[in-house]
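Take a look at the structures below.
Look for chain A in each of the two complexes below; its partner is chain B in the first and chain C in the second.
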Partner chain A sequence: MPIDVVIRGILSPLFIASILRISTPIILPALGGLISDLAGVINIALEGIMLVSAFAGVIVSAYTHNVWLGVLAGMVVGILYALLLALFHLYLDTDIILAGIALNIMAAGGTIFLLFILTGDKGNSSTLASGAVPTVTIPFIDSIPWLGTIFSGHNIFTYLAFIFTGLVYVFLYKTPMGVHLRAVGENPVAAESVGINVKRTQAIAIALSGFFASLGGLSLSMAYLTLFQNNMTAGRGFIALAAVFLGGRTPLGTTIASIIFGFADALANQFGSLDIPPQWVQMIPYAATVIALVIYSLRRQAKQRERLRRFQEGEIDDTKTAEAGSD
Partner chain B sequence: MTPIIEMRDIVKVYPNGVVANDGVNFSVEKGEIHALVGENGAGKTTLMKILYGLERPTEGEINYKDRLLELNSPLDAIDNGIGMVHQNFMLIPSFTVAENIVLGEEKTRSGLIRQDQAVQDTESLAKEYGLRVDANAIIESINVGMRQRVEILKTLYRGAEILILDEPTAVLTPQETQELFKAIRALVDQGKTVIFITHKLREVKEISDRVTVMRAGKIVGTLKIEEVTREGLARMMVGRDVLLSVDKPPSDRGQAVLQVHDLSYVSDTGVQMLKNMSFNVYAGEILGIAGVEGNGQTELVEVLTGLREASTGAAYIDSRDILQADPRVVRMAGVAHIPEDRLTNGLALLATIDENLIVDRYFRAPIKKGFRIDQGAVKKLGNRLIEEYDIRTINGQVPVSSLSGGNMQKVIVAREFSSDPKLLIAAQPTRGIDVGATEFVRQELVVKRTEGTAVLLVSADLSEVMSLSDRIIVMYEGEITGVFPDASTVTEEELGLYMLGVQRQDVEEMEAVL
Partner chain C sequence: MRNKLFLIFSLLIVASMLFAACGGEEATEAPPSAEEPIKVVHLVNGVLGDKSFFDSAERGVRQAEEEFNYTVKTIEAGIDPARWEPALEDAAANEEYDIMILGTYQMSEFLQNVAPKYPDKMFIIYDVSVDYEACEGCDNVYSVLYMQNEGSYLAGYYAGLMTQEEMEGMNDDLIVGVVGGQDIPVINDFIVGYQQGAADAGLDPNSGVIIQYAGSWNDPAKGKEITLTMYQQGADIVFSVAGGTGVGIFQAAEEAGSYALGVDSDQATIIADTDPEQAEQILTSMLKNVDKSLYRALKLYIEGTLPFGTAENLGVAEGGVGLAYNQWYEKNTPQSVKDAIAQAEQDILDGKIIVDTVFE
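Presenting the complex of A and B:
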């Protein structure tokens, strides 16, 4: 396909809409990763949780013929799977990274194993008639050209991703639970000394991250596609973690970073029709992740130096006022 | 007066068999400032941990306001109006002052935290007790003195009537200490009771109404402050007479060992920490550096010992510039270094005493034998130094982390002194260690100097600088602002003026005696 067709594709509102759609399964687990990371328990098992939830949603909806039961099952399975991480790390003293890796491996193998048992197929669940969550048409906006194409007609997970971005912000900064969660992540001893139950708070944070990762997984298998595929998360759980750091560990930043990754992904889709080796195109989202993280890390170092400098100068100023005060 | 707290027959035996408290009777009256003093390991922190619910006593009981107090956790203590300000602050660095003060007890409206209320509560509390804080400032951006005031406000916010302050002045400058004392007096005026743990006998005299002395897990005595002298207190703490003023023979000054020329240092963040410093340290003298902490002393020591790279200037030992050398080369040139932060830079905590004693010499004879370390020689050296420097331990094969602070410092002193240095750089050599160990370290410094070693002493303890040094230079904002060729004729007040940058000497005047 000639390049000008691709460029026209990129400039169309459909492309922007596709960015939002593609970003959804990154934003949701990233919000979960953000919560657990702020609580001081980095959840590296997002990938695995997404996978088991995506699987459970497809299977349950296929066998019950009820989409919502499938969604519910996916959420429950995701939270339970996350609580396994809490159990291993918080109560059995396993290293959280190792436990997370184990859960990811178990999810990748386990879902295929169960898929094979249930369908006889190791690749995907196309033989099962699983459900899809409905799309939402926003009344007034839908009829506006461009804006309607971009913002209306997405599946509910996409809208949830943005709604939750705001809710997570309110939770983390305005509610006692969220504030305690951040306190625990920053200085657990201090949090404990004022009566905050550190382990329980961290367990809740991990459960919440499981909830958000499960939504991410479900958005893949019950909205973006309507079947389960071997390793269908394709590293999105890890990209989500990258988005947490790139977003400066804030809800809005995390979502914006996720959209940047979604953009790279959408771009790769467009370039797929060009006459270049597909391997190069498929590298785009991952290369974007690496480049973004390097830029972020350089910026952070510069910021840290700046802050250190301000702090040192501020302290000298403060001593001066203290001296003046005691004179 | 009746006591508000009475701890009776407290015994605390730790699982490893250490008896930290051995039948302690300790009582505090309402509205007093009660100092609790004792050497490291005397059991005072354990006693206070019991009172704050962090440790449970093996035996004994606590009577509080005429009823028995059962403490299972600090929360019980807080509920009963007992608050503790720990030595390392319990604050969340990225939160504001107000957020830290209300943490765990946030007031909410329909589920959301009332931030304005937190700020308001903080400000009214701060005003009530005269504890100056900025409610909206982030903890990371405020200095140590204000952080401590935040900690005190935190306990007050939780309704503390009794405040336990664990060595609160250890981290403060003299000015901040005075401000803290003012605040403590204001607290007591408002009916609060303060228990003040400290090493510093001068502060005991200055601030407290009564003082309890502990030694080896027992109470030696409780006295009214009018009844005690610093010397008397010191004797009670260590069970013998202590040298508070150091006796030292007159200095027999020799050649210049270290010659520093026009030394400047700009930090990574672009702040000029040292400005054109020039001075000599001579064999057989102790050159003391006085100054409020944070005026470049740390940087000076680290630049001289090869831990940081100087920006410009030179420092010669035997006409050899050591500024461009790495730490091992500096050491081989005859420099020994007692670092300011012994836990980070002075010792490998998990390594054994013996291992810590050989880290500056494992690579040469007699420790190195062929391509291996001669364990026999290590043990021999360890035993000799443990004996010579009176390190209290079973043997040299236990990890350094099992020692008390004073004994850890002795391990460093043993290593550094036994390397037979030409120049000894001692940074805060007695910080946070008990009276007995302090006395020991100070005496050893004087002995080394009398034997002909050049000693550069950096200390935040002004009385230490004044009593040990032969000459004193004052640093203020990275510059030398005053030189006193005869330390014995200087007064604390005079030094203070230079330390605060109120006065400075002419450059020519100083050059003559540097």
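Presenting the complex of A and C:
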């Protein structure tokens, strides 16, 4: 494929639209991962939660012929599945990483098992007529060239991803619950000493992460595609976790980091048709991750050095240093 | 508490060992009868339900079970490639079997290590050949390969002719696409054939065929995104050679109103009942008749003429590969194209067309 076709593809509004589409199932679980991580309970079961929700949504919508019941079922199942993690970790004292791995494995095997029982098929749900959430055409913007292609006509989950980025910011930084949640993550003993129920707060954080991961799973099986396929999440839950850290553990940063992943993936799809070894192309998303992480940590180190220098020169008083230390 | 638990567990383990031992004795005491079925283990290095490759293999093995004196046990090793080698070693050492059937390029090296250790067992490997020169003691392995390059030549020739037709969903660009699951020899054998076929239909062999690898056999979202990109770059027919990822290719075709070609099984027929609109977009499928080849192998085994220690290549002539001439093909294809495809098939049979291959 000549390079000019590829470049024209990248410059077209369709490319930006595809970035938003690819990013959606990463942004949503990443927001969930962010909340649980800030509460000090890292949820590595995002992948498994996405999978069970994707499955539940497809199955319920197929049997009830109602898309919204499917979405609701997916959310409920996702939250319940996340609460299993809370049960194991907070109340039965299991290591949270081990419990998360167990839930991921159970989701991968369990969905195939149930799919086989229900449909007699181990691969995908293509024998079921499952529902698709509608796409949204934004009036007025839709009729503007370029902007219309980029911003209009996506499925609901894509818009939700961006709306929730704002809501999660408000929740974490502007509500008492959000402040408690972050306090618990920073120092559970201190939080408990001022009367915050640590376990309950962490359980709520895990439930919320389950809610967001479920939206991510549903966006894959009921919007992006309209079927469930075994292991269809294909590692997106783990990429979402990476996005949390890449984004500096802030809502906006997390969403931007997810979009960087989406961009790298979309770029790989465009470059894939060039006559270069496919391994190089498939490396793009991962290379982008490594580069972004390196830039992020270099900047962080530079900031810390700068703070240290200013502290030594006596420019910053003690309270600000304490803030820098907790960063 | 802990001690009690430990005791219960130990008792359970001892009890289960006793039962297992009893079971074993009974089995050995039973007189060996001539009518005892031949035990076959089908080891799938993936999961069933891909609607193409492994499902086809399983179909063939099960058909042989129905018609001949076989009992088949299928083991799915899962999608994690790290578990495939241990799964093969486990199955070879612990399962009761006379013949073990497995497939794919990824398993051939593992089998070369395992087969010589079990000289009294028989192995059938499909879609790849073990390296008989490098492997001493692979006399108990029969390999069956498919000339996917020949079948893909027909697919590429067909796609190349169809993209030049004036029909709904076809653009003016003389471009077709192909999505491979992984950059491995078997997949590239599909692709060189497809490219050659498209070139013979009048397309530019380089700029006329967009080639992409999804890097995964189980990521339909990725397959959909790549296919939409190909349509955007001017392709109107995309050939799926990507297993479960291909489901996304068909969804992209349905969404964009463009076309796709299926692989391995007749994929339009498989989904016709539940998703007739999507089936409409799959013009035909390149059949790789894994099912027929395994059925044939097991039949030959019963007859005592299965050539262990050798590899067989099944092409168009042997019915190993071909296009699915189904109702959608009949409906969408103009007579002139049908005639051209029939001619190309005949030319391959007569040896007038030699299709490139990445093997040898």
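The working rule: the second predicted complex is superposed on the first by the 280 of 327 C-alpha atoms of A that agree within 3 Å, B and C clash if a C-alpha of one lies under 4 Å from a C-alpha of the other, contacts with A are read in each partner's own complex, and residues count from 1 in each chain.
One rule holds for everything that comes next: a residue touches a chain if its C-beta (ideal position, glycine included) is under 8 Å from a C-beta of that chain, and two chains touch if they have at least 3 such contacts.
Remember, predicted model here, so these are calculated numbers, not experimental data.
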item: First, second, both or neither for A:Ser12, with chain B first and chain C second; value: second
item: First, second, both or neither for A:Thr250, with chain B first and chain C second; value: neither
item: Partner chain in contact with A:Thr175 - chain B first, chain C second, else both or neither; value: first
item: Partner chain(s) touched by A:Thr149 [first = chain B, second = chain C, both, neither]; value: neither
item: Contacts of A:Gly123 with chain B and chain C, given as first, second, both or neither; value: second
item: First, second, both or neither for A:Pro25, with chain B first and chain C second; value: second
item: Touched partner set for A:Thr94, first chain B, second chain C, both or neither; value: neither
item: Touched partner set for A:Ala183, first chain B, second chain C, both or neither; value: first
item: Common ground on chain A, meaning residues reached by chain C in one complex and by chain B in the other; value: none
item: Contact set on chain B toward chain A in their complex; value: 74-75, 78, 86, 89-95, 99, 103-106, 108, 111-113, 132, 140-143, 145-146, 154, 158, 173, 175-176, 178-179, 267-271, 292, 294, 477, 500
item: Of chain A, residues touching chain B in the complex; value: 170, 174-176, 179-180, 182-183, 186-187, 189-191, 193-196, 305-316, 318-319, 322-323, 325-326
item: Footprint of chain C on chain A - complex, ascending; value: 1-2, 5-6, 9, 12, 14, 18, 21-22, 25, 112, 121-124, 126-129, 220, 224-227, 229-232, 234, 265-266, 269-270, 272-273, 275, 277-279, 281-282
item: Residues of chain C defined as touching chain A within the complex; value: 47-51, 55, 76, 79, 177, 183, 206-207, 210-213, 215-216, 218-222, 224-226, 228-230, 232-234, 244, 247-248, 251, 270-271, 273-275
